[in-house]
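Two complexes are shown next, each including subunit A; its partner changes from subunit B in the first to subunit C in the second.
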Partner chain A sequence: MSGPLSPLDRPNSYIGRTVPRPNLERLVEGRGTYVSDMTLPRMGHVVFVRSPYAHARIVDIDTGAAKQGEGVIAVVTGAELVEQCSPWVGVLSHLKGLKSAPQHAMAVDRACWQGEAVCAVVANSRAQAEDAAELVQVQYQELEPVTDMRTALEPHIPVIHAELGDNLAFERSLDAGEVDKAFSEADAVAEAEFVFGRHTGVTLEARAVLADWNPGERRLTVYQGTQAPHMMQNIFAKHLALEEAQVRVVCKDVGGSFGIKVHVYADEMATAALSKRLKRPVKFVADRIESFVTDIHARDHICKGRIAVKQDGTITAFAIDDLTGIGPYSMYPRTSAIEANQVVNLVGGPYQARNYRARARVVFQNKNVMCQYRAVGHPIACSVTEGLVDLAARAIGMDPLEIRSRNLIKDDAYPTDSPSGLKFESLSHHASLAKLKQMMDYDGLRAEQKRLRRQGIYRGIGLASFIEVTNPSAAFYGVGGARISSQDGVSVRMDATGAIIVQTSLTEQGQGSEALTAQVVASALGVTLDKVRVILGDTDNTPYGGGTWASRGAGIGGEAAWQAGKALRMNILEVAGTILQTVPDMLDIDQGVVVDKGTTRERIGLDEVARIAYFRPDTLPADFQAELLATRHYVPRQYPFAFTNGIQASWLEVDTETGFITLLNHWCVEDCGTIINPQLVDEQIRGGVVQGLGAALFEHCRYDERGQLTNGTMADYLVPMASEMPDIEVGHVVSPTLESELGAKGAGEAGTAGAAACVANAVNDALEPFDVTITEIPLTPSLILNALGRRGG
Partner chain B sequence: MGKHVITLMVNGESHRLEIEPRAHLADVLRDELALTGTHIGCEHGVCGACTIRVDGAITRACLLLAVQAEGAVIETIEGLSDSGEIGDLQDAFRHRNALQCGYCTPAMLITAQDLLLHNPNPDRATIRDHISGNYCRCTGYQAIVDAVETVAKARQTAGERA
Partner chain C sequence: MKAYAFDYVRAATLVEALSLLERAGEGGKLIAGGQSLVPALNLRLLAPQILIDIAQLPELRGITSDDTHIHLGAGTRHAELATSALVGQHVPLLQTAIRHVAHAAIRNRGTLGGNLAHADPASELPACMIALEATMLVVGPKGERRIDAIDFFKGLYETALEADDILVRISIARSPAETRVHFNELARRAGDYAMAGLAMVMHGTQPQGLRIRPVFFGIGDRPTLASHAARCLEQAADPMAGLAAAQQALSQDLSPQEDLQADADTRMQLARVLLKRGLTDLLAQGRG
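Now for the complex of A and B:
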């Protein structure tokens, strides 16, 4: 047999094995180091004075009294901080027409959302800074806020940034196939307006940053809970007038991220700028109230959808018109147009229909900024698509599972593409559907549903097929001019005792980046996991790379780790071959010992190889130099994205008297290619599903007509808690990507992508006897009672 | 602001502290005693991340002023880890991957231990109910429920053997 061994063929491979993540002892014992936990000598705490208005001119800021406050180090206004920090504009060149206005670290002359920082108070303690912040007198002139995205483009509505001409940030249209013909020839057409509430990430550790400008070194070290340290290094350098080499970003433990912590936040930039201005460390930790008005929000779409279907169940066309409001600025540097763009890309994605028309419009408004949050665009696209498919099924009297079975792209059709131009390497919709049907006992549940209905108990089954964008190449951001790396790098070295040290550009926020890196490297080398230590989250001490977002860790960083591990194995075997006077090809490494290849016959331990290489190189030939360090980088090139697929199902009960929904069971079958650690994949799915369930049932940033967030506390903004959540059964189909040797695709978005869609479908299925269709989330009890016409006293 | 001198008994150690009367116990544990395993998530008593044990009862440290805790027996994740009292729960969490980012975990463990001390044989619904004041954004809770259930059964078995 020739060709390289696959990862699965390595002796004692850890690929596909559930093993505990390294470093969890630290976290279960409360010995982690989150940014919130850190202190540095001479550290100041910054507290921001924030605009109470959604839109207001800043007439005057009187800082006199605040500066006299106990323990106060400095009081700095937005206008003053311009000296230290230049503004930015959140656009990308490949999103044609996308426009935004310059955004400053703090508002300079105008606040554009409730919660935008206008003045900073730095003091020796957080409490002192909060006390002094109350003494800052800001005189505002309130301006008319733009809050309703439905009217934001109308001529009588004020333009938020006059220089932009209108409130339209971005628009994209697509027309593929013969849409009008498909609709005119359809046996049935269904349409609906889908409404998605704004919600947010609610990471349990709020955003936190500790910036330390050391004038003696002329270096800025930023300890930050971020998913993308190298991106932040570039941004801090660019806007604080430094060279990148002068900036070090360190990311230790992060208390949840989910896309919330991959963006450039004005107050975090202000914190770094204040450190530079004050020549000492400055720390900012958002409190929960600040988090609600400043952490990016997401979704907030109104999407009109239509579907054309033949009587035999063939879906012939999809059409959508999507509208979303993104706040007053497009976020930097990833922009706030990506979600709408993804909606256009993804609608109809699992299905064979070739006729597709879409329009998406992204408008400015005076609310908190919106940007990419877990499963960007997927929940919108999936809810619209799957909601329409159910409506089509109902229109022709077909079972929802049957219509999917007739229209999902066939498993033998790959490679193929979508009407929106997505390239699919290998998906498994039908295998996933078959597996789901068996796992959930679909026919049995249908029978139970029928039986219970006779007793006045209304249960519903909802299905949602989905596709998921993972392993993004440079097509995501790099081509648009953003310095956001799509490649990752991994260095692997053997130390003088034969232990392995790995440095990766991935970051860890709990997904298991360290675990997958250690498992892949241990497998590639042939060592046991306890010999592998992973270092990440430090721009000074890791190769350059993207970090952990968009389900890229296993597929991109994992492949770089595999290649680096293989390269170091070859280097080690060259040393061993020289010592043993044999050719490296005759050797392999198994459990930390060099063996004769294909056998377990031990020749020399890695500790002995290391001892000779590092301490007795004099015993090796004069022309031989041991290299016990190898670095490899990887980025996908064939496919812009490695699409994955899957299907979810919900089984729930609706109480038609109270409007309450009880989730009874939830299933997800997904295909993320090669699975490195089954337990970690399952838990990514479960965590993702519950985030989607939160959006489906509870989570909603409720604004009033003046742009005031009315539920910005955890008592008012509901999140999923343990007692309301069901157990979630997870199944897998495995279609590895052939682009990499490891074959791994991502799994981080899958759960969130489809959860709300299948819950909404299940609710409508439960309420079928009432002839009710609800296409809005969150599905609150009052929404359901309204739909049932039972809104009363 | 005037300061008060109080004595706190934390994890078996006595600490004489000069603190502001407005300081809540979570801040004092973290800032004065560097017990950073007690986390802060909302500071309005909803998320449960600051859960500690005060005189044997689980308590939200953000809702208790430090001056109110004078004379009480305070136990935090650091003390419960060092004593080994929750070693089996910590091990089960690790093996079941019942934590991702780990920020809710110290409080979740203390809450779970509280359940098992009062109800050694809880069913899954009871476990879910008892931890329903502790917010976890990462796991979706199922792995946590599994881990607690596993430890409950293991302790039962060990108890029967003893």
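Now for the complex of A and C:
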């Protein structure tokens, strides 16, 4: 890169370099510490008896036989555990009108979804607890379940929580510009109903928690695979009647999260409550079936969309009506209204059209709870927007790339905003589009598509522009009254040999938070990476902060690390200046050595600075105190969110006889601002794309009309696997945010945001000769054959 | 989930295995590769009192060949089938099919005998056995018996094996050079059980006097020889001319079932496409 030196262009900078992650070797050696691995003395294993019904009154629970089971420590019903754990209500004040009912750690008198825990069995081993769980006799009176979101608001459908009056959890409407006028003056109007299957984020390591109430010090230590330890500290304290200072949450290695592990799960609360009740460590590790019926689900939207377009390709309006079903409770504390809210915020986001009308309704059902999963709302908004844009292009006979290039917000239009009020600092839709066009050889593919069609081979190209919410400020949760911190803190200290220890409030679940923190600190300080050790995931031993979610790690925690590193460099140079009798401003640190600024002339090693500071302060002036620890916190304030943008493309083949889809290639050009570690960014994009492709083709939590999940195993719930994945080529445009010195925005969710949208568009493009439009995912062979009218009969 | 507690014993010989099985009665269960049994145990779908491990029985090991037949020990691992030169030479169908069975880690443990005894309707290997007219050597308390593949598969996870039988060996006639074979399956992900699949063998070279055995799997409750369709192909002036009729006849041969992957109509459509593609491939082999 050319141009003036930025503050990032430090001697031996690691910013923008692919370096191995510091935790990699430990993990591949099998020396990670996952909660599932941990054992404490006197530890009990809890197994939950779960409701087999989607909706049922609990008439009676007979625990007598189970209590006699071999190795059983305790059998505790939901009603009994109320003594230890108070219920919660998943609402936020800034989501106006959002309502939900109190949810308990275990169902007390009514189970509201298949899989809700009603009774806990604690035993010396998991197998013993499972044996005893079969002896618990629960008498249920089955109630009518509410399963179809389309009818959930109809008068003849039962209301799940009578005290709420109806099954409507949340509704939001928005009307910007002159929508009716735009539609009436349009040259063409296209509309469709988009259907998104319910799916979930299948983490390699299931949810796991080990709670240890120590009556001796009256403290609860919870080892948990969570993305937000400080949030959990607050929640455990609040509902177990403790002070926050009495709770420590430790989050060691975590085998994947994807947003699944940022929520408060009833069974995890029950585990902590059981530890308090039994005064001993209690561990819960969800098995795969439990994961499928209790890990939050996501998506499950039906969204009607309309688009107005002029013959010259100008898109003049979008209108949507979104409906989603969230299970029986709004999830705590982030709520289950955020996804629908995001859909309203994001539809049409990349485009110039100023006329936009939206309505979203969120309804309760007797199915597993729904909440935020990677790219919350984005895949819905992106699929609806991009699907409509393709329909508009088809209606006026324009090439899909051309219509985008005519309507995407111009790269020189910033700062600007969207009709829904989103503020954009600086996006690069056109630069991204141009880069994508060249990377994929768009014109070449179009020619190939045409040639192959003559041979009866149906290939399609799908495009999807997107924007992504990253670096959320307090606007996301804090303003709504949730004690979820949007700021992060980092402490950096130099020890007595010149080695650096970093404590950060970020957490690591595999995405590389540890690596990026080390890179940023090493660069800010001027030391080599091997000198930096990062500590994270412990409320007793890190500064207070949000953790890792919503694509915030690099942008927020990274900036705090940068500022803390810089502050410690100043502190070190003050000590060095004092020792060398020069002004700190004349000095710098390079490769762990104090040098004359702008040169590599060595003045004094950091080990020597540390030795003098810690062991020979007597040689320093009496009024000088070395401070070799610096802490900084950071939160964005100017923009509520740092939006990123990009565009994806899919190239695929549809077998029109079998309905099978073969993904041939996938491209993603994205702009996450400053790139700290190119490989980490690329793999975030690729991983995100894969999850989006899973949604497009495979993943689906399938419920029957009684609210029973019919595919709760890895044999029946299809996750995307390597063999079916195309090459995913990643390109970058770099528009740093000027709000922070680092300039980094998030990259964790961009891949998921647009992948399904461009696959669906590519399928419709491939099937263009058959004049069918499919707007439902997952795109199963049956769905495709149905649309083509090709059935065996 | 964890399995119910059970005892475990490894048998050293076939005779010992049989007597352990007899002694265990209802509560006994054979385990070979464990790749179907252990998931069922962990889901608590089965609760045997004792597992009798036959994975290392010498009588169940080995791939041999004589002048007319190739003999596959029931304990042959999928991975061994995949790499055996004898299998490649004399029963190429099986070697093509085995690549579609599960994933490498599972193929390293799973056995042919376990697969056939398990009789998953979507499994590749039972269909191959019917297409290849294999014979199963079974040993039970009353001695040995031989069962033709076509009589072996009785329904969903159901075979001609009694609870105290052990499948010992599978014998398959060596394919003459002019015999053509075809294997294809439609699975949404590599390694999954098929949504629909076809193993097909064609004997003979002249359009008249061809003998064609199309066996479908993943469609009904067991692998199914589509004999009506086969007749349409065999009796046509040339097989391609009989294709349309054969595709129609599939509705007599097959009773497609609905499951999570596909409904019955989709399956019938897929079966017809598989038949067309299979026949095209077989005829192309003759020209090649």
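Simple rule for what comes next: the second predicted complex is superposed on the first by the 785 of 793 C-alpha atoms of A that agree within 3 Å, B and C clash if a C-alpha of one lies under 4 Å from a C-alpha of the other, contacts with A are read in each partner's own complex, and residues count from 1 in each chain.
By our rule, contacts are C-beta pairs under 8 Å (C-beta built on N, C-alpha and C of every residue); 3 or more make two chains touch, one makes a residue touch a chain.
In this text the structure is predicted, and so the values were computed from the model without any measurement.
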Touching partner for A:M721 - first (subunit B), second (subunit C), both, neither: both
Partner chain in contact with A:D287 - subunit B first, subunit C second, else both or neither: both
First (subunit B), second (subunit C), both or neither touched by A:A127: both
Which of subunit B and subunit C A:V28 touches, first, second, both or neither: first
First, second, both or neither for A:S551, with subunit B first and subunit C second: neither
Partner chain(s) touched by A:N368 [first = subunit B, second = subunit C, both, neither]: neither
First, second, both or neither for A:D37, with subunit B first and subunit C second: first
Partner chain(s) touched by A:T658 [first = subunit B, second = subunit C, both, neither]: second
Comparison of subunit B and subunit C by subunit A residues contacted: B
Contacts of A:G256 with subunit B and subunit C, given as first, second, both or neither: first
Contacts on subunit A seen with subunit B and repeated with subunit C across the two complexes: 127, 287, 713, 715, 720-721, 723-724
Complex contacts: residues of subunit A adjacent to subunit B: 20-21, 24-25, 27-34, 36-37, 125, 127, 201-206, 253-258, 287-288, 509-512, 679-680, 683, 686-691, 713-715, 719-725, 727-728, 751
List of subunit B residues in touch with subunit A within their complex: 20, 22-23, 30-31, 35-44, 46-47, 49, 76-78, 81, 90, 93-97, 99-106, 109, 124-125, 127-129, 131-145
Interface residues, subunit C side, partner subunit A - complex: 1-5, 39, 43-44, 186, 188-192, 195, 251, 256, 260-273
Residue numbers on subunit A that touch subunit C, as the complex places them: 126-127, 130-131, 287, 289, 657-660, 697-698, 702, 710-711, 713, 715-716, 718, 720-721, 723-724, 780-782, 785, 790-793
